[in-house]
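Two complexes, one shared chain (chain A), two partners (chain B, chain C).
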Partner chain A sequence: MPYAVVAVILVTLGTVGIGIYGLRLARTTSDFLVASRSVSPVWNASAISGEYLSAASFLGVAGLVLAYGADMLWYPVGFVAGYLVLLLMVAAPLRRSGAYTVPDFAEIRLGSPGVRRLASVLVVAIGWLYLVPQLQGAGLTLRTVTGAPAWAGAVLVAVVVTVNVAGGGMRSATFVQAFQYWLKLTAITVPAIFLVLAWQADGRPDPAAATPPVFRAATTVHLDAGVRVDVAEPVQVQVRGRGPLLLTTGRHDLAAGTTLVFPAGSAVPHLHGLTATNGTTWARPLSGAGGLEHPLYATYALALATFLGTMGLPHVLIRFYTNPDGRSARRTTLAVLALLGAFYLLPALYGALGRLYTPQLLLTGRTDAVVLALPGTLIGGVGGHLLEALLVAGAFAAFLSTSSGLLVSTAGVLVQDVLRGSVRDFRRAAVVAGAVPLGVALLATGRPVGQVVGLAFAVAASSFCPLLVLGIWWRGLTPPGAAAGLMAGGGLSAAAVLLTLTGTVRHGWPAALLAQPAAWTVPVAFAVMVGVSLATRRRIPLDVGRTMLALHAPEELGLTTRR
Partner chain B sequence: MSIDAERGQRPAGSASYQEIQAAPEFQQLKRSLRRFVFPMTVAFLAWYLLYVLMSAYARGFMGHQLLGNINVAYVFGLLQFVSTFVIAWIYARYADKHLDPLADTLRAEIEGGTR
Partner chain C sequence: MNEPPRRVRVTGPRTAAVRRQPGRQTLRALDEQDVVGELLIRSLMRAQLTLALRVALVFGVFLGGFPLLCALIPATTRVDVAGLPLPWLVLGVLVYPSLLAGGWFYVRGAERNERDFVDLVDRR
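Then we have the complex of A and B:
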């Protein structure tokens, strides 16, 4: 395990080191927030991708593929496609508006402090909802590779990121993020090559074979938390310190601290709530693998959330200001799509190999750990430990980069709308912005990181997507309409998120509608925003013509509201 | 960092809003942009939703094995990634070719004070 610890230390020191280097260049509040628009497209594209590839991408997608099969590939497809919608519909006019954040945009377009405050609350809510799984992922990672308690990783990431952001702001963040993209790509690619070679050497077993997952070799499973499992086939296991035990078909509660040895070839008992699925079903889209209910609805809703939610994520929008002009903004976006696409080809591979070689994660429920667990099982020895260390480095790069981006944006909104803008207050805001999600991450029980991040997309799609799209392309939007739409879409999706995360509703259509709310909350938000705007037509801002012109006229004309 | 304070201030010498709004080049620019952005967004959403529909209702076709374990669904899925990039690339080219020259003409005319 020492290699993995060295990797964590190196990535953390690298992040802090580059942050300090950038700090010497940061001078004014504008530097802190958007690096003075002086970052080149390649750096910027790497930085955007580095910031965007979160714990959900690095760990979560593979874990979801392991548990729920082919439908989960919509997560990476949607994560990339969301950038395209952002590029086509929103990026250029938003740049010209001169707004750094959605609340800025709301005020510029609608001239309403009320809508601005509402948008600020939503930015902070989405930022925190997105930060919690990053910190929990860090806890899970450190626990998986070193056995450290779950709070240790979360506290480490929260403290490093808060100190770094409070000290260096966006300028340092840009350097850190760009470095981290390349680290993440290397960290997921190199082990993947070795894993595929090992899989070839093993006779290329089929991950989609017709049986439910089985232990290919005798497997020792240590439970550091109690689990409830469903056993499909009776299996004779060895309980360390207690001797043999027959697990009969049905439900069993296994206590924390138990160590079980499963014989080779036995079927894997699944965590209660996850359904054991044969390979054919697992590999087929919309099959409901893993016990997912109403897969067709869930897929549409997930696609809608990711396509339309990307534009509303606080750490994504602000990045479009770090390009000197519209043309380089387009170049940057193209490069981002290529960089993200290259990365996202790999998590599915880990998920598929995990079904063959680390199926015990379906028993413990820690499917997010599949990327980290594979090298030790499939390759082993010093080589396995080194590859594991590389993956841990990539995972920590993911936690650190996404968390800093979210923290910069959340703190930026806090400092503009809660405190008055000055460098000192930005630091205080960063501490607040980091402390709250850390508290939640430590108190709340872990859900799959990919799923929670998907919910953050759903809230963004149900609130900021209608505000941005209608604000940019429709003159008729009014402040009351925008406020009502934000409250309806944001409120309904946030309520759905709370009900899902607390596990209040578990089965049937209600659970499916709440677990993937975007398919109904996005249309509701658009309808309310348009309807109330039409009913309050007299409240259309008087200067709407001037504002719309500034949004759509070429920026060389000097109409942009620059700060 | 107040926005209101700066909204009133326009760079010295820049054209008035009415002038720009009235310029045929600006109207042309707006039309060219909309003519591209809206159909493209709709087409691209339809293309993605088609995949889901086919997975649900054309399983035989999607499950057709092309090469070893590779079936139509996987090729289709990979094409989704590729198409995202291709559309963005087409947009960048369209903007370079059609939108930027229009913007430049508009700028030259207004700064030259010809209208």
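Then we have the complex of A and C:
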């Protein structure tokens, strides 16, 4: 345990320290922009990947795979494929536009303050939706490894990131983000090697065996929150302080503070709502493992959300500005594909091992903790603690880097466009931008990190993807068309997200459509944007030809410097 | 005394930027957005978009078709290859190098399109 605390402190101090040091370095260089333009594609790609690999990637994917099986492999696939779509459709033109954020792009392309304002509201909404699970992930991590209350980790990350961003320590720090990528890659790879060796030494049990999850050894489960569980097979447990208890088949409510000891070989009671699934079904796609409804629809909707949503994430776009030109923006994106691909080979492995060695997470529902819990169970001793500390370091690097990237872009938009008049300086905007998601994270019940992040992708795909793609490739886009499309796509997807997160609709097709809205909100957004633009042809910006030239002509012709 | 100062020829180092003196006429056509310039930039956009959509189509068919394949022929989900179930091999491993290869192919093509465009402007 102390190792993990040391890891948290080291990563936090390191992030803040390098941030301050990096800023000093940038100040002594005569011009920061010149310095950033000498950044090579690989270095830049490390920074982009460092900011991108969030709690959802580091913890969430493994947790989802543990609970819901093969269909969840689409999350990491989508997270990477989103960068391919970004490369194909927007990377070089967007860099050439000189836009720093989507609202900037809206203004450059359409010359409309109204569309700009609308885009700004959406940036803040997406930024906050993405920040909440990061902070909840931090709370979960700190609780898992130290037993601290859940709010502690969330407050720690929110305060560190807000102070750091408000102090200006993170803004210029390509260096910090690049360092965070390599830290995260190391933190997920090294323990994976030891875990696989331990699994081999254990006789290579098959996670896809035809049995539901069982406790391989006698397992003590402490509940720090009350849970409702479904018991499939009766099991005789020891309740600490109370003696033996027979959990009969059916539903049971277990109170907070209970400690249960399950005998080796007993089936794992599952959190109510999480259907127990045997390994064969779990390993097969579209099998509805874990109680997922309408898996084929959910798979396609998730793929669409992640493929098209990546380009619209606020903290992704802002990094492209550090590329000197469109050509290097493309090469940077290509390097990002390589770096992210290397990382995403591993989270699913943790999920699969978790089914064998930490199935109690299916009882507590804290499946997001699987990555952190494995070394202690499978390896144990000092080695297990050291590996756990390394994973905690990687997880905190994920919370800190993604949160600060989101906070910088959200605060920047807040101060520029949304709170004009009421909030003037960046520092106060950063405090607002950090405080709101912290409040939500503390009040709202935790949902799987990966799922909530997936919803943020869906909103981005339904609003900014049509704006960027049509804005870059279609001269006919008009300000009213863009505004109507943003409102239709962004509004519908945001409504679906709210209904899903509040648990208003729980079953059947309506729940599936709301839980993965992209499959219908993206087409609606495109259709509205194109339709209204065609109906308002007279509002096509007069300088559209010049803008298209700036977006698409190679820089070496010397035409694009006019913007 | 009233004599104007002698004109001096100013030269710079022979960097790539100096050597690549685009043909004035075409450059002006682009810059002034006349019919020729408009056609030129439209042709570049079409070439780039065609390339992008072509790559997207390949992934749309193979990656997008995979869930459908699993749904229509459930037997594919039960095949084991190299000790891994086929879906895990495809979605967990093979997809990542494929995306990288697709990206590489696109970047190569897009840069070639731009080179052709610059050459076209240069030549005239």
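The working rule: the second predicted complex is superposed on the first by the 531 of 563 C-alpha atoms of A that agree within 3 Å, B and C clash if a C-alpha of one lies under 4 Å from a C-alpha of the other, contacts with A are read in each partner's own complex, and residues count from 1 in each chain.
We take it that a contact is a pair of C-beta atoms (placed from the backbone, for glycine too) under 8 Å apart; a residue touches a chain by one contact, two chains touch by 3 or more.
On a predicted model such as this, the values are computed, not experimentally measured, just so you know.
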{"item": "Three-chain arrangement built on chain A, chain B and chain C clash or fit", "value": "clash"}
{"item": "Chain B versus chain C as contact partner of A:W182, first or second or both or neither", "value": "neither"}
{"item": "Touching partner for A:L296 - first (chain B), second (chain C), both, neither", "value": "both"}
{"item": "Partner chain in contact with A:G545 - chain B first, chain C second, else both or neither", "value": "both"}
{"item": "Which superposed partner A:P554 touches (first chain B, second chain C, both, neither)", "value": "both"}
{"item": "A:W151 touches, of chain B and chain C: first, second, both or neither?", "value": "neither"}
{"item": "Interface residues of chain A shared between complexes with chain B and chain C", "value": "70, 73, 77, 80-81, 83-85, 87-89, 208, 284-286, 296, 299-300, 303, 327, 330-331, 333-334, 337-338, 341, 344-345, 545-546, 549, 552-554, 556-559"}
{"item": "Residue ranges of chain A in contact with chain C within the complex", "value": "70, 73-74, 77, 80-81, 83-85, 87-89, 92, 208, 283-287, 296, 299-300, 303, 327, 330-331, 333-334, 337-338, 340-342, 344-345, 348, 473, 545-546, 548-549, 552-554, 556-559"}
{"item": "Residue ranges of chain C in contact with chain A within the complex", "value": "17, 20, 22, 27, 30-31, 33, 37-38, 41, 44-45, 48-49, 52-53, 55-56, 59, 63-64, 67-68, 70-71, 74, 77-78, 85, 87-88, 91-93, 95-97, 99-100, 102-104, 106-107, 110-111, 114, 117-118, 121"}
{"item": "Complex contact set, residues of chain A against chain B", "value": "29, 70, 73, 77, 80-81, 83-85, 87-89, 98, 104, 107-108, 206, 208, 284-286, 296, 299-300, 303, 307, 326-327, 330-331, 333-334, 337-338, 341, 344-345, 416, 421, 545-546, 549, 552-554, 556-559, 561, 563"}
{"item": "In the complex with chain A, residue positions of chain B that touch it", "value": "1, 3, 6-7, 10-11, 14-15, 17, 20-21, 26, 29-30, 33, 37, 40-41, 44-45, 48-49, 52, 55-56, 59, 62-63, 69, 73, 77, 80-82, 84-85, 87-89, 91-92, 95-96, 100, 102-104, 106-107, 110"}
